[in-house]
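Please read the structure below before turning to the comments.
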Amino acid sequence: MKRIGIADTTFARVDMGTVAIKELQSLATGFQIMRYTVPGVKDLPVACKKLFEEQSCDIVMALGMPGSKPIDKQCAHEASTGLITVQLLCTKHIIEVFVHEDEAHSNKELAWLAEQRTREHARNVVDLLFHPQHLTLHAGQGLREGFKDAGPVE
Amino acid sequence: MKRIGIADTTFARVDMGTVAIKELQSLATGFQIMRYTVPGVKDLPVACKKLFEEQSCDIVMALGMPGSKPIDKQCAHEASTGLITVQLLCTKHIIEVFVHEDEAHSNKELAWLAEQRTREHARNVVDLLFHPQHLTLHAGQGLREGFKDAGPVE
Amino acid sequence: MKRIGIADTTFARVDMGTVAIKELQSLATGFQIMRYTVPGVKDLPVACKKLFEEQSCDIVMALGMPGSKPIDKQCAHEASTGLITVQLLCTKHIIEVFVHEDEAHSNKELAWLAEQRTREHARNVVDLLFHPQHLTLHAGQGLREGFKDAGPVE
Amino acid sequence: MKRIGIADTTFARVDMGTVAIKELQSLATGFQIMRYTVPGVKDLPVACKKLFEEQSCDIVMALGMPGSKPIDKQCAHEASTGLITVQLLCTKHIIEVFVHEDEAHSNKELAWLAEQRTREHARNVVDLLFHPQHLTLHAGQGLREGFKDAGPVE
Amino acid sequence: MKRIGIADTTFARVDMGTVAIKELQSLATGFQIMRYTVPGVKDLPVACKKLFEEQSCDIVMALGMPGSKPIDKQCAHEASTGLITVQLLCTKHIIEVFVHEDEAHSNKELAWLAEQRTREHARNVVDLLFHPQHLTLHAGQGLREGFKDAGPVE
């Protein structure tokens, strides 16, 4: 039985954790989900490490919604750097799903984007865990999570 | 008996350490507090590591007040990066409470912000240590520490 | 029998992995290729670590095509930093082949650049693995992968 | 008998190492000083690690004077990041004393600033080593090393 | 018998490796030189680690010539960060000799600068290895490698 960790934040303005759990459960069976909520994105790296080491997760989704100010961009950069470090310490994947508030032009679009990106990355998680060959089939296809795919260069 | 570390600085212009200690003591019992003061935010990472390793703390609050100049932003970035590294080395949470001097428009607001953010993060510390499920109840709610909550996207 | 890892992404708009494999096979024999596709460049560091540790690779090519927005540049920087860390943890080379979308002025040039840079770096991989003295013969010669060589300063 | 390391550079335009040694000797007894000079600030991190591991130092002062060009700022950032890493690897304090050439408006002020900041940080070193409670007495007091204290927010 | 590593690149437009070797041989005896050439500056960190661990070097010179575009500056930053990490992992010095193409105003000056800076840093290598006290004699003297010394502040 595989274990998928869901690390999310109270800072985010959309409940991306619940979106992720529902999507994962609709896509596959044969895994358990462990959820761990922290205040903000800078708390996600150690939360992911705890999900790997204390909860025996095989892969983790790190969900966050950085704000639009320069300090928020800085925090997101520090968090992302930490998430890569955790992956290297544990030799396991963390799929980072960050939605920057200024990627959307309205609250409605922001909610849509957060849900859509989370759902599409949930499929990446399932592929990495159960069907890694699916990803190779789409190598170089210009896939995007959330907004429209860029597609391959013709 | 849990141990909460308080790492603070002589550089800060508000005694955030004392604010944190008072708030923690008003919120819960069943823990000891170990305080460690260093000159500036760049000294906080190793102070936190010492609180974990030499004082057996279970969680640490890292309190700082970076200045408004570019070099101060750089220092804050280096400190934050170090604080994430410590968390990954020790697999324990550090709740970073940084108040940037230029977040406030007056000394009065700066003092208010430093106290308010410290108090709200003290609640996060208590939740992480004793009631992690409280955080999941507020996942995706757009919580902010200090200024007004952004709230969930409707 | 040496093993060369190919780590690539579904985000890239050119199938650089297949280009790399074909070029490697045209250049040398005596090695096996292990391919691992992940969603984006920030997933490459742990993919490379897995190729080294779980697939016994001796060297890895990390292929990616970061977008042109500031956030894409940030992601590329975080990925590159992680790729260097993996090399230091494993004491093995990763040849990073990143093509930034804004390096090219048309889709046609982008496709050409991605293929050309991948091919030229495949030769570096073969040299590092089998003929390291070839690289010393070209030390300080202003070589470039993709676009025209800068050449030595006269 | 405690050991204080002094790591300094030939790049600096003021002999901050000698200033530090004199100030430390005027402030306290009961310690030995080990001095190690390197070319520039990017050589300081490993110099500090050697002072901890090969010279058994208990704390180190890292003294440097970065230039005013963007590349110098970059070097200082890389050096500072490395100094924090050393502290975390050794679980010991390094007090970084960097004076940026463009902090001063004249050579005279630069010399004064380098000496004054070095002296004030020497007192921090003595406090961290022998009187950590002195620092807590000044927590949140807006202390500055070199220029005038900012003081506490009223 | 000491061992000095020379890590250089095919990207550089001047054969800094040969300049370094000649200068070292003119300055001292009692050491062997191990040379390792890689494609670009981001390949230097692991090359240096290999020189330390697989070739038993006691110190390494890392020679590179980053280009003038923003992406080149980014690469140089990533390489420098990696070089500091290697030093901390191995507790040995790497003397980084980077010449940025835009430091010079002509090809002639670029060639001169690359040679001069390499030669002056070769002396630093010999001093660190055999005469560390020479560096302390010049502490705070405003030394520069390549261009004219800034000199001490009067």
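All chains are identified by letter, namely A, B, C, D and E, in their written order; residue positions are counted from 1 within each chain.
Please note the rule applied: contacts are C-beta pairs under 8 Å (C-beta built on N, C-alpha and C of every residue); 3 or more make two chains touch, one makes a residue touch a chain.
On a predicted model such as this, the values are computed, not experimentally measured, just so you know.
Listed here as common contacts of chain B and chain C: A.
Between chain A and chain E, the least number of touch steps comes to 2. A turn of 70° superposes the CA atoms of chain A on those of chain C, with the angle given to the nearest 5. The distance from the centre of chain C to the centre of chain D, with each centre set as the mean of the Cα atoms, comes to 41 Å.
Separation between the centroids of chain B and chain D, computed from CA atoms only, is 25 Å.
Within chain E, residues 81, 85 each touch two or more of the remaining chains.
Order of chains round the ring, from chain D towards chain E, by the touch criterion defined above: D, E, C, A, B. Residues of chain C that touch chain A in their complex: 8-18, 35-39, 42-43, 45-46, 49-50, 53-54, 67, 71, 74-75, 78-79, 81-82, 85-86, 89, 107, 110-111, 114. Of all the residues in chain B, the ones that touch chain A in their complex are 73, 77, 80-81, 83-85, 87-88, 91-96, 100, 121, 124, 128, 132, 135-136, 138-145, 150-154.
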